[in-house]
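Across the two complexes that follow, chain A remains constant while its partner is chain B and subsequently chain C.
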Partner chain A sequence: MGIKKNSLLAAAGLSAALLTTGQSLNFYEEALPTSMNPLYAKSMVDTRVNELVFDRLYFHSPINNSLVSRLVDQWQMSEGGRAMQLTLKSGVKWHDGTPFTAADVCFTIDAMLDEGTPSPIAAKQREVFAGCEVKEENIALVRFTKIFHNPRNRLGFYVMPSHSFEGNTAISPDHEFSNRPMGTGPLKGNRGRRGVSFNAVPNAHHQAKVPQMSLQEGADPLVQVRTLQNNGVQGIITVPPPYRADVSASDELSLKSYDLRSWWFVAVNTNKKHLSDKRVRQALNSIVDRTELRKLSIGVEEGEQNSPCEFISGPFVQTSPYYNRAVEVQETADLDSALSLLQAGGMRKVGGTWHYRGEPVNLKIGIKASLDVEAPDLLSQVSNQLGAAGFQRQQHKISTDEWNRMVVTGQAEDYDLIIGKWSFGLVEDVNPLFHTRTGGRGGLNIFNYSSTAVDTLLAQFDGARTDTQAQDAYHELHEVLADDLPYLFLWKLDTKSAWQTSVRGNMISAYYYWTDFDSWKYIQ
Partner chain B sequence: MERWWIRPVVRLVLAVALPFLVPLLIAGMIWAMPGDPASNVCPDCSGEGMLQMIQDRNLDQGPLHFYTEWMSSMVSGDFGRSWSFQSGEEVSYLLKSGVGFTLKLFLLGALLILAGAFLTARGWIPRWLKSGIRLVGLLPGLVLSLAAIAVYTVYINPSAMETTWTQVAMGALILAIADAALSGTIDGVDEVIETEGRRRYVQIAILRGEGTLMNILPNTLPGLVGQVRARMLSLLSAAIIIEMILKINGVGELLVVGALKQDFPLVMACTFFYVVISSMMLLLQAVLEIGVALFIRKSPKGVG
Partner chain C sequence: MKVLLAPLLVACGGGAERSQVAPTTTAVQVSPELLGKSWQVAFASPEAMGEMASQAGWGAYFKKDYSASLPAFGGSKLQARMHAELSAAYRQAALLQANAIEQTYGEGQAREGDPLEAEYLLGAARWIHNQRELALQSLEAVVSGSTQVEGLKQAAKEWTTEGPGGATGMNLGEPAVGTLPVLPADPHYEFPEQVGERKVEASDPALSLHLSQWHESAAMSLDPTAAMWINPWRLPGERSSGVSELSAEGMFLSPWMTSGDLEFVGALASAEPSSVDLATFADRSALAQLLAPCSGEQVDSECVLDQANGLHKQLMGAMEAASGASADHPMLADLGRVGVLRAGIRLAQYQGDEQAEGVLRVAALDNATGPSIDPVFQLSMAAWDTSNRNTQRAQDLLHGQRLSVPGTDAIRISLNALSLRVSRDAGAGMPMH
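So, the complex of A and B:
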């Protein structure tokens, strides 16, 4: 009996080992991509997947931060700075072997300009591009709507193949390309039920050393970490702070910094009558004890060195050139100040509960559900602090779908407060977050906040011809927002990935993650 | 019972009508949901492209138009494209990829239960085993599924993208034994045999040296078939939950995910699949009832 049992266990172990090893490099993502068509990317997962499958015309090198291109050989300005002539590199091919040409660059721009493409990303690009002309097979002339001080920075879009759409520039999200895209990137991706499988496609400008990869949706972070420790997967894109010690303790695993420039906030619905007065929002800002929140939800003690969590006072991370250091951070609660601000804002405390115009104030608070993994119980802790200050409240977790469908589109107006996180690349363009929703602007304005002063500053940033002008506009914006508080700004939380040490050369690029994927190796 | 044919005919009519009625109901529900379905499908889209997309998705002329367009495309095997679950993928492809797993799971589970019923009828299941099955049957399928997926993920196949036979076999076993599915069947069969076996005609048949089962069957078959149909339908429902938890790439999981993501072409197609199965069972029951009445009892008036 004992021998039989041992044989069965050995067989099971062998089967498990055979099943868990192979050529493929497997990793856990935060979720599955919503669409693999770059024009319909909605989440960071979508952006990261696009970086594997497609090439951007220009990108910042993860090594020296210089603006470089894998597709463009030469460029020169023309038409007085309103156009740029691009000479493309030769030998670049799409995943099906079709040569990459200037027609593809112009097709992508035309698709973005086509009103028949109902993409919010394309709508934004219509403010940048005026058109594109194929001069020769490898030469394209890109026209801008105005003179930009950094025109090549504007060419950071993913190029799509004309032949996949048979030249039809009105691109629908329902096109099969959204599920089986074709790019010039290092890997060809194929979305399945449970994940995305990638296969390397050698190209003149890409030589991926990892032949196969698979992306899977990570569930519970503890299960993710245990599976990584068992070598069931080789990487996790984001490891929440509470699990980082576990990863660090293993010799087989390494934690890698992922510069996502992301910051957390509590968006305040300024259109609700009881929150429309700035003083009430300032009072809420004083009630929120960030130090306590950070301790209870992320586990960072006060004064801890090398904290993964850094407080912010405005819509930028502290390392950003746009961060205004003159604006002070509210680290702890100031309940006395909150009390006087609430009274000045028309609130009255009756029986320990704040009332506005005779009605008790009941705050509906939501959090993007996926954030609850990174900062467990943050929703409850914020709610507790507001409850202790005398507010009634309801708590809700918002699914990723609901977030994409309702929150970022400004349709979650029944909420009073929403806890969320925004992530940025090197260009921290916060215009879509705070601009009045009009004419395609303010596309990510959660509660349809509107302020003339803010809109003016955002227009100043848009029209800036130099970096200094752009910085000045955003420094002032930081100050105005910290006073008007459409958001209660919380913190920047470091993002860390975990990879098996058998994965070498894995340089993680800021925001896009996989920009330098060609250097990645998986040694089994 | 002069009108013995009423029940089978009602079943036949329902079997034919359900595949038409249920999609209509779903189309109505899409419009009954809060907000405008056209803007719900892509809230951040705008312009001409948005209008074209609404037209392409048949959301521009109300639920009846949506329903008729969907039905006419469906007849030619075109279930449309997924809106949000796997944007751009053909729903027929997704459905095809899921049908096999759902049927395997369901049929394996059903086979286990039918085998249990047969063995009980023959008296081949010992009492201790029945007690054991009853004990395990007390556990909810949800709990067993969670335990199974934990074991599967940690020890067997942590990075599975495709569904394996192991997952299906685990699911079928849970489907059969959890929530008293098998033990309920065994007890039910025991009870029918015991009750019917006490009847005079069976006692006489036994004295004549005939078998009990063959004598009770003609009288109990229509009722038993009805019970089996109800049991199979509850198995199908339970299979949806098991597919979700055990990560089996079946139609049930597609249905749930499609509903969560408001992917209505997917929801319509998956629901249609379940409705067709349900209709087929109704049809089978009706045919059996008629068959028993006309050919086995040879006296339709006696059939209730």
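So, the complex of A and C:
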């Protein structure tokens, strides 16, 4: 797929002029962050911004993966392995100059344990932490719900300042903190209407070499790449595959790998009457020609080796130990199979259009708007394939705001199909995606899918005593979901960033991206 | 480090001062003599390149399709090189598995329910790590836990001080040049867990060692000098074999520009500390010339990056000069750039500079595209990641070699066991969009 000409190119020069000021390092993100409160991070953009503004208590070095801390000086287990005493480093301050203390560590844990904090991230942490006690100003005793192997791995949460909330541990997502956060990280961030500006805050544990940064929302990928080539920005977080060759060809730019487990899907509204029969969903799965979609929207030719885009048959990337290799991928369309499945599922074709109970089926299809940048025209191509098979369609691009308010909260019930992407770090917990929405579970279940068999397998995964039990549960889940199809699973797509070669020391860490920001340099 | 190339020690910035922000500058260019001997310059003309590109063996090797390149190079030194590269790849696969097993079942990592037969896997892993006494202790400690135990005990007995025996059910047959051996089905074992009734799939790292030996024997029977391709990738405790001069054709599509570079990298990989003098390689290795100013108490990774980019430009110019303006082979120059980075990794390893090694490893990965994606390096990187419990990238790297290196599914089983353990230790995580 070639790079299309775009009239917006002219805007690139203007953007460059507007963005290049002082020593600021400017970059394009996929979108603006929705919240800069770590407890309410919903997107990878949110997560990446958190990594600049806050410190995690422990983190893995992006160089050699060793588990280290910028905040903890010493640790020791106590209470028979159910608690850990942490002695904090001295001299660390919040961005307003307030000293960082053990009270902040315990405040963060207490906030996560507070049922008045309606955060899905906090809800997960309640399975890990039982409490926290301030022993001394610089000593905190963290209590766990049980004895964990390698318990420091559980301390990868962002620490928040008690004084910003006046000690109130019931933290609302609407608190001003979400726009103007206070951290101990290398940069202080302020969100404006069109971007986020960051300023370095020297600290005992951070000495950023880049004094200022500016995050802008990227739109047309060609404009992004041209602006980068003109040094209007110095980096792009996500470069779509068709544009990577253009970046590679330049001596002034470098492509950099960003390790992220991301997979793409089409969620199917199983609560719509015409989609409630799994044979109809299986028919849709047979109509979707993934090979053609990948060629048209990602630019991958059939049979291409080392493709950045690899098909999947379930909710895991192929490199995951949870991926069930026995479940075959549907790479191309099988329209004969689709025809018989649709008929068996109660559909009738009248005048070339599929009808259900006498009414023509009109599929409302949406895509998260920012994904349209990464896989251009995917929405149109999916829609075209369904149209060619005999379905009427409506296409919609869903804004980030609508996605957060309606889609992930299970309220986008008027849609039939929604195209999206999920990203994971080390933990591939898909329970929030497929569990019945009940008792805090299924918090990201887009169309409120519900299956007793699936819920049982998810419970087996949660309760697994051994690694093998957990793997078996997810292997079986993969098989069940590939048959029941609340999602049409599409592909894993790798992520590459592009940076000017004048940006040095720019080690990109898996998932969190900016973990080693102190090493970044911008040599103008 | 002995005395380096003193005249070349000019401003390359940084050195031991890691926090220094000052830009580094490219200080050294490769001498015209050495550059002229590089395979890139030798095949820069359209005619020479066309001749190479028309050969089926190079066409297949360009895609790292060893199953096609092996027979296509029938009976030649190039066929020996293909076998030697596969031998090196399986050595790194064995190392990857050994690292995964040690990190899964080794000291401080054992979990409730782990199979008793994990002791056999630990024995094999320790053998690969050249911990012979520990290995024998583990192998002798294999106790009954399943119906497979007798087979494992037999396998354990065959692991003598001479090396792995013919592990049960893994007879690969006599080495046959120009072919790939038929692999046994995986998983090789299913061990019962001590909790519940589930079974743990396991693969035997001995298979990777056998495969490495099989290909090494095939390579040596064709051309003993092919050992040079294995030298940079030998396992702990192994000795390097002799060196000799390889032709430009013999080095074609390699990250090393001349056989002097290959000799230099092999020496760094297997040498005792402080025994390599870069100056002694300067007359025959462009990489030794380029890295000399980057080496001090530590390795200046930014200097290495600058040198790599500088070489890319220099190679482009030299190819053009050698064959006229029609020579435009950025992909060949890319291989030169990657070679500098990979040699820089070896230098950092040799000097015990883990920070520079890590930075250069990531840079080498980022800069590898098309033919510069080398299965041996990718597997060595995966092995290094595995030793660091960084399973996510290791899995991606291993998966990426499934078409080039047969048997990755078996290797993956060892890595999966570690990956499960690491991810279940990692605590809470939410899907993000």
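As a convention for this text, the second predicted complex is superposed on the first by the 456 of 524 C-alpha atoms of A that agree within 3 Å, B and C clash if a C-alpha of one lies under 4 Å from a C-alpha of the other, contacts with A are read in each partner's own complex, and residues count from 1 in each chain.
Simple rule for what comes next: contacts are C-beta pairs under 8 Å (C-beta built on N, C-alpha and C of every residue); 3 or more make two chains touch, one makes a residue touch a chain.
Please read these numbers as outputs of a predicted model, since none were measured by experiment.
**Student:** Mind working out whether A:P120 is in touch with chain B, chain C, both or neither, as first, second, both or neither?
**Tutor:** In the superposition, A:P120 touches chain B and chain C alike.
**Student:** Taking the superposition as given, does A:A470 touch the first partner, chain B, the second, chain C, both, or neither?
**Tutor:** A:A470 contacts chain C only, not chain B.
**Student:** Using the touch definition from the top, say if A:G195 reaches chain B (first), chain C (second), both or neither.
**Tutor:** Only chain B is touched by A:G195; chain C is not.
**Student:** Which chain makes contact with more of the residues of chain A, chain B or else chain C?
**Tutor:** Of chain B and chain C, C contacts more residues of chain A.
**Student:** Is A:Y40 touching anything from chain B or chain C once the two structures are fitted on A? First, second, both or neither.
**Tutor:** So A:Y40 only meets chain B here.
**Student:** In the superposed arrangement, which partner chain does A:V408 touch: chain B (first), chain C (second), both, or neither?
**Tutor:** Both partners, chain B and chain C.
**Student:** Check whether A:S399 is in contact with chain B, with chain C, with both or with neither, and answer first, second, both or neither.
**Tutor:** A:S399: touches chain B, not chain C.
**Student:** Thinking of the overlay built on chain A, is A:R226 touched by chain B (first), by chain C (second), by both, or by neither?
**Tutor:** First partner only, chain B.
**Student:** On the A-aligned overlay, A:Q76 touches which partner chain: chain B = first, chain C = second, or both, or neither?
**Tutor:** Neither chain B nor chain C is touched by A:Q76.
**Student:** Tell me the contact category for A:D174 with respect to chain B and chain C: first, second, both or neither.
**Tutor:** A:D174 sits against chain B, while chain C stays out of touch.
**Student:** Where on chain A do the contacts with chain B and the contacts with chain C coincide?
**Tutor:** Comparing the two interfaces on chain A, one with chain B and one with chain C, the shared residues are 120, 408.
**Student:** Of all residues in chain A, which touch chain B in the complex?
**Tutor:** 12, 15-16, 19-20, 24, 26, 34-35, 37, 40, 114-120, 123, 170, 172-180, 191-195, 197, 214, 216, 223, 226-227, 230, 232-233, 399, 401, 405-406, 408-409, 411, 440, 443
**Student:** So in the complex, which bits of chain C are touching chain A?
**Tutor:** Listed in rising order, the residues are 19, 21, 23, 63, 111-113, 193, 195-196, 198-200, 302, 309, 312-313, 330, 354-355, 358-359, 362, 365-367, 369, 373, 385, 388-393, 395-396, 398-400, 403, 416-417, 419-433.
**Student:** Within their complex, state which residues of chain A touch chain C.
**Tutor:** Against chain C, chain A makes touches at 41-44, 46-47, 60, 63-66, 120-121, 124-125, 127-128, 148-150, 153-156, 207, 209, 248-249, 251, 254-257, 259, 261, 305-306, 318-321, 368, 403, 408, 420-430, 432-433, 444, 465-472, 494, 501, 504-505, 507, 510, 521, 523.
**Student:** Show which residues of chain B lie in contact with chain A when the two form their complex.
**Tutor:** 35, 40, 42-50, 52-53, 56-57, 81-84, 86-90, 94, 97, 153-162, 247, 249, 253, 260-262
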